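What follows is a short report on a single structure.
For reference, chains read A, B, C, D, E and F in written order, and residue numbers begin at 1 within each chain.
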Amino acid sequence: MSTLVTFGETMLRLSPTAGDRIETATQLDFRTAGAESNVAIAASNLGCEATWASKLPDSPLGRRVTREVRSHGVETHVAWTDEARQGAYYIEQGSQPRSTDVIYDRADAAITTATPADLTDGLEFERADAVYTSGITPALSDQLEETTETLLERANAAGVTTVFDLNYRSKLWSPAEAKACCTSLLETVDIPIIAARDARTVLKQTGSDEEIAREIAEAYDAEVIIITQGEDGALALEAGDGDGDDGILYDQPAYPAETVDAIGTGDSFVGGFLARYLEGDERNVERALAYGSATAALKRTLEGDLAVVTPEEVEAVIDDADGGIAR
Amino acid sequence: MSTLVTFGETMLRLSPTAGDRIETATQLDFRTAGAESNVAIAASNLGCEATWASKLPDSPLGRRVTREVRSHGVETHVAWTDEARQGAYYIEQGSQPRSTDVIYDRADAAITTATPADLTDGLEFERADAVYTSGITPALSDQLEETTETLLERANAAGVTTVFDLNYRSKLWSPAEAKACCTSLLETVDIPIIAARDARTVLKQTGSDEEIAREIAEAYDAEVIIITQGEDGALALEAGDGDGDDGILYDQPAYPAETVDAIGTGDSFVGGFLARYLEGDERNVERALAYGSATAALKRTLEGDLAVVTPEEVEAVIDDADGGIAR
Amino acid sequence: MSTLVTFGETMLRLSPTAGDRIETATQLDFRTAGAESNVAIAASNLGCEATWASKLPDSPLGRRVTREVRSHGVETHVAWTDEARQGAYYIEQGSQPRSTDVIYDRADAAITTATPADLTDGLEFERADAVYTSGITPALSDQLEETTETLLERANAAGVTTVFDLNYRSKLWSPAEAKACCTSLLETVDIPIIAARDARTVLKQTGSDEEIAREIAEAYDAEVIIITQGEDGALALEAGDGDGDDGILYDQPAYPAETVDAIGTGDSFVGGFLARYLEGDERNVERALAYGSATAALKRTLEGDLAVVTPEEVEAVIDDADGGIAR
Amino acid sequence: MSTLVTFGETMLRLSPTAGDRIETATQLDFRTAGAESNVAIAASNLGCEATWASKLPDSPLGRRVTREVRSHGVETHVAWTDEARQGAYYIEQGSQPRSTDVIYDRADAAITTATPADLTDGLEFERADAVYTSGITPALSDQLEETTETLLERANAAGVTTVFDLNYRSKLWSPAEAKACCTSLLETVDIPIIAARDARTVLKQTGSDEEIAREIAEAYDAEVIIITQGEDGALALEAGDGDGDDGILYDQPAYPAETVDAIGTGDSFVGGFLARYLEGDERNVERALAYGSATAALKRTLEGDLAVVTPEEVEAVIDDADGGIAR
Amino acid sequence: MSTLVTFGETMLRLSPTAGDRIETATQLDFRTAGAESNVAIAASNLGCEATWASKLPDSPLGRRVTREVRSHGVETHVAWTDEARQGAYYIEQGSQPRSTDVIYDRADAAITTATPADLTDGLEFERADAVYTSGITPALSDQLEETTETLLERANAAGVTTVFDLNYRSKLWSPAEAKACCTSLLETVDIPIIAARDARTVLKQTGSDEEIAREIAEAYDAEVIIITQGEDGALALEAGDGDGDDGILYDQPAYPAETVDAIGTGDSFVGGFLARYLEGDERNVERALAYGSATAALKRTLEGDLAVVTPEEVEAVIDDADGGIAR
Amino acid sequence: MSTLVTFGETMLRLSPTAGDRIETATQLDFRTAGAESNVAIAASNLGCEATWASKLPDSPLGRRVTREVRSHGVETHVAWTDEARQGAYYIEQGSQPRSTDVIYDRADAAITTATPADLTDGLEFERADAVYTSGITPALSDQLEETTETLLERANAAGVTTVFDLNYRSKLWSPAEAKACCTSLLETVDIPIIAARDARTVLKQTGSDEEIAREIAEAYDAEVIIITQGEDGALALEAGDGDGDDGILYDQPAYPAETVDAIGTGDSFVGGFLARYLEGDERNVERALAYGSATAALKRTLEGDLAVVTPEEVEAVIDDADGGIAR
């Protein structure tokens, strides 16, 4: 088994039943979610040894988070504090023409004060196969921007594969702020994952999705560049040697899915990709891309952010199972 | 803010979860609903100052109704009585090919004894901008037929805009009874709202939907005639001066919607229409029609009869938002 | 197995969760209940072959009733009609100092029009071992008063043991009305069951509970007189020959119980009493009285009106089981 | 009313809410289901007098089963035992691309020890109009294979119409085992019902669906052969005299349905078919086939295995009702 | 009807089912609560015209609050803002020996920025009969301390009865901080309400409960001093003229209650007291004290902070109703 | 942190809401439970590093178990198999006079085939501080009896503290069978834990609880003997050197508790005892006994078998906190 370490914020997730509104609800489903724990959970459910590092308030709310993360077999490495709050978000599922509504209540969460030491003391961080975080983490506070930079640099220096999903959140920072920070971080990233939409909004790229991948390949020294395309699937560019070798481009359409809950789809893609990509000695981009897409498709059929799926189910999607009833 | 007064019956609404049947259910969702409070609630949620007048039993069941109506910011003007029951209806959501089933249990409800004084004593009825009721109200009892007639006349005489949705219910009266009553009431109505289907069944009209609108314009002295067309949208005919001026016809297609619960769609249309139509000094039929349709589309995505929506959401539908996730 | 026929009204029973109020509830438990079906169900669950006869609307609401009654093994003998409603009641569990609140919504229920033929055509009524109804039945309508009288007379004439629980409901009639009707009915009753409280309120008796029993024994030609005493238990007076033989008095204290829901306790007592009393050839008042009390105590621990209990459980209560955990 | 006897296993059915997974669920819906009780329940709800015979543990779990079966008006004829367990199955609804997952936990259920006497002592088995079981029953144990064979033979000898749905379950036996057993049973079957898919997998037939029906007609002495085709509907071949008379073939497309829960669809088809086919003096294959298909379509709109539907609803589907709202 | 204005924070209230823990819960009840809206709601439910003034985020979470407050007939006077969050608290009901656990998540709530203008612009504040706030309000921020002081002064100057419940919260400030602020505020308070426990902890008083009341009467120019004593009830000292007239002391024991949820009991006491005290022309301390205590006892039987009770129920408690079943 | 290894069966736990019966329930709470995982979970929640070893079916049902165990921070060491089922039990909470009813459905569970290698391969079993199992484990199968014996011997030989709770289950074996097996196992046990009731039923001891402890001390070479006394608390006898030194007896009364769910109380006692006893260098029987009792009392206030409690809560019980509200 490979080892993946992710770090970032995990929030409480509060949601009314589909068809009900937050402002009239009298009961809420109570879950937890966060890009980096979502990725660790998806990867762990698919057989990857994963650890999630974070900072949480030492309270039932903080423990609510670690319990759920651990239940998926993910190790939790948590700096507990008495001096900050637990972030939360409220989510109301939409249906056409009503939008899905996300209300963040994450200001001043414990994670925003996390130093590199908070996240890694006592964790064999430099011995992981890969380290993952998303662009949400540096967006949360200046301290976290510094912490993120330090940790990616340390991992990179130690030869750990660094994975970064730009994951732009307009409710957290402006495109310009995101660009300044992320372009700096990308210098130390082996596998950048960028939504084509974010590449245009934040990085101000203007070409086709493939051109976006190639421009990033040129600008940074990455191993694989992944461009996610929402309902259109994802591209992966396995970097060439740059010397006349432009690398290999893989184009993975999305698997059709009846969407019960779209939140967490992107994280499940990343978790599925990494679980397969890090497995074994030879890293196989094409197969990992299919794995990520199939994991994402399965996640869409489930309530909550989390890809509670098995490797067999992922493979059945890739092998085009018909989704019938087995009995 | 404009002021809308509606009067009519509000019932308890008892429904099993979708996919379950009343005859095997062990739990029921407990809501309240009625055409006239639905309209007031939709309008209130969209910024219109609204009052709902009715008669209720002085019991927890009657108070269950006022609590829900008030929670939407609607003022309640209620004649409380110890001598009649609270109406209710049971609703079971269908899905193709199973019909949605509505079982009324509204006989002898308190409202059936409501006199004009019951509904308006202490209420500045003649100072409202508009008064609304539906064809359900006079169908409920002889007393209510008389009360409805009296109130529409009084409003009309006071220069209040009178709005009447024919809203034929075959479980309450026959087409002939409905026709006799409604054609009389329409004499004092400024804005008649009639489903094309009801125009044919009750009023025995036979032309196209547009022809129906024009025939009503000829027959009655209305300000705007609205013909609702179910999934096809709605027509509004802004009356001309009749002297070679045939008025202006607006044709509003329905906005596409994934239907969670269709009940209350028509009332939400009316509430949305009125909230916008009565707003400001200049009455804009076209914009109000779009508002009504968008409100109706949003309502379809929600459990229950009620349009729990904001003006921003209605405008987003009109402006063709994509119904994605904002975060 | 003996055969018991009961006839009377069964209502829908709608209740919020304990600690919630009807006027703020958003969900209701949905059950069915009625004195006569409660008695039949308790008896059936304890091994007595039982039939419940009634009149119901031919609708999902009426079928909701028969499904639940049948699920307890009781046969249903129903006159279906399209012309009346299904009665219901709302119940809110109190706790000190808040009263349990019962709101009847049973006016004009289908049962109120039931003739003797409605309830017995096609039913081998005169071949039953016992027939039971309660004072609620004649209180519901003039027709039902006549029907009750006719059926008790017919049963009596046929040698069927007639059982009648006075069961006074102040929301249905006045003490004077109840007295007039019930004293007439008692002429044909073999086993009158009367709450000591009702004996004082309705029959205007003033003595001790035992004196009440003896006065009834003198006034009517009964086989056994049962006086229920609420939390104090019950008395049974097995009638003597009147000629110096005053009969035998049994005094059964109530079994201690943690009350989850008190509604239906009295009916469970009757069902338990009859299941045991009618069993076998020799009618044993003392044992049946213990059976009834134990059934009532078990019922108190269950939500809903119904005694979903087994003979083994009843016997364990009588044998003073400690209510621990068996594993 | 006609009389249908079915025999077989009924299990507890445990399922999380749609969109949740068994491995993370904290609450399960609790129902009961089994091919033979499903058929009896569908038929009973459509007006056919039905009895279900089985063997169950004498425990609350066994009584949970009989209560639900009885609630649909089906008589239960049960051999109670203290020496075996109650079977159960867990079901998780899928949505594309995630399969619906069924986990059987039915090994060593009480039914597996059922002898012919267990199932029929005290039951007027030979006087039924029809007897039904499915291929699941003999698959459950050697004892049940013998019992099934004996009962079909006895019924056949007594002139009762025997109905057998092959209903292959790959989790219970291999195609070869199923073939050996079922081809033997089919000798005594009047109405074989076989999924086209099973005909190919188990019976190794290779022709078109019609050819399959005709081959079975040739091989066995059946009254009607029914080939179910999943989403394509069903064929029924009313057997001819074999002497140049090839019989009449009916082709019934499936009625379109929004599927809430597909489990139990086949059983509902059979129950609907039999309710209509056995009704009256003249057996009408074509009408019964439509009845079965419409019952199946309605079942698809309901949670659980059971066709809780009325004859009126079935006829409305056949008459192409539009599935709207009646009020 | 009298008019009561209260101002302060109302939070979302999130709670698992009794017997479950926050850290393992998967569903939460979703309510709203806050001392000042609790008081307004209790008073309104008992017939007092009440307005609650506050500041809330313009979001579904803020609207969730106003909807619930309005549903109880309380008018809401809200300053909406886009720049602050909605406070919340999590509550887990304990049972011996496990404490009830309250986790506040209220830092930086919108209310903390409320100026006097935010709370009163457009509100006929000085024309109220009484104004109420609690010691929680000034504890929330420096701005709110200033706002509270200003509003109590303005009300006092305008002749409005000012009511202040010290309501010490150790999670918000220290005893010393509370003392400094509250002793200053008490200068302008007509009806101080102080828990005996808080008088000792915060005000450093050391005498008996009666002595505490008398010391406060001497120190401040109050109309009535109320000392709450938890399970022991409450004292009220109607101030004398100070000149040999020591005033009248009323001692009200608590009414016995089975506690379902203790949170909000104190606020219900205040709401009940004020509803009765402000009613009519002559202010009756003794009767109002009984009213407050009975309201508090009823509240204890209800889930949530809110006294959803009627005047009839309060009077029944005072008149020593037996808490039985009325039917 | 110390290290505790427990091994044994964990079942699915299915339960209706309190006040409902299994035979009429339509929804079940879905949890997991088993003596040995209960002990590991209680200990882990109190800060002890714990591992639970078992054998499970490789299915969603088996994974349901590991997810819940892991969520409490316990490591799971599981032999997965495709060839056996997942055990379950149904539990219905009683209340006086109705017993709590437990229905085991655990025959042929995967664990029954577990060899020593299944449970310990890959686990540093001999390096644990303590190993725990209960008398339930050897009762489940002959294989498990052998496995239990082997593992206790191996642990004992390796110097690991062996802990064994006799935990007699009459539904699994007879007293004679239990005695034969357990007296043999006790030879290798350092800390036997025996309910006084089981000592009498199984071991046929007849003295006082203290005499029971002393007899066991004489018969076996134990470090501490614990006699649990149900509602009376527990005794612990710290063994002396046998040479005139009779050891020290500690008598710990049970802490008073309002019982929500009694199941799992004994396991919580053991988990609490071990968490404290194994902590630090010096083993303190007296303090550990108090810890165990307080953990058990807290568990009684929670639904489910599991002691979801913190060390602070346990200490608060010992320090006699009043169980009020902290805010």
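Everything below uses one rule, namely that a residue touches a chain if its C-beta (ideal position, glycine included) is under 8 Å from a C-beta of that chain, and two chains touch if they have at least 3 such contacts.
Chain by chain, the UniProt names read as follows: A, B, C, D, E, F = 2-keto-3-deoxygluconate kinase.
These numbers come from a predicted model, not from an experiment.
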Task: Between chain A and chain D, the fewest steps along chains that touch one another - done: 1
- [ ] Using the touch rule from the top, work out which pair, C-E or A-F, shares more C-beta pairs.
- [x] C-E
Open item on the list: From the centre of chain D, which other chain's Cα mean sits the farthest off?
Closed with: E
Task: Interface numbering overlap (same over half, different under half) for chain A and chain B - done: different
- [ ] Could you give the separation in Å between the centres of chain E and chain F, each centre being the mean of its C-alpha atoms?
- [x] 47
Task: Centroid spacing, where centroids are CA-atom means, of chain A and chain C in whole angstrom - done: 63
Open item on the list: Nearest whole angstrom, what separates the Cα centre of chain C from the Cα centre of chain D?
Closed with: 40
Task: Residue list for chain B, restricted to those that touch at least two other chains - done: 21, 23-24, 26, 67, 71, 101
Open item on the list: Residue numbers of chain D touching chain A in their complex, please.
Closed with: 17-21, 23-24, 94-102, 104, 169-171, 262-263
Task: Interfacial residue positions of chain B with respect to chain E in the complex - done: 66-68, 70-73
TODO: Spell out the residues on chain E that touch chain A in their complex, using ranges where they run on.
DONE: 14, 16, 21-31, 59-61, 63-64, 67, 85-86, 88, 90, 92, 101, 103, 105, 107-108
- [ ] Would you tell me which residues of chain A are touching chain D in their complex?
- [x] 71, 255-258, 260-261, 294, 297-298, 301-303, 308-309, 313, 316-317, 321, 323-327
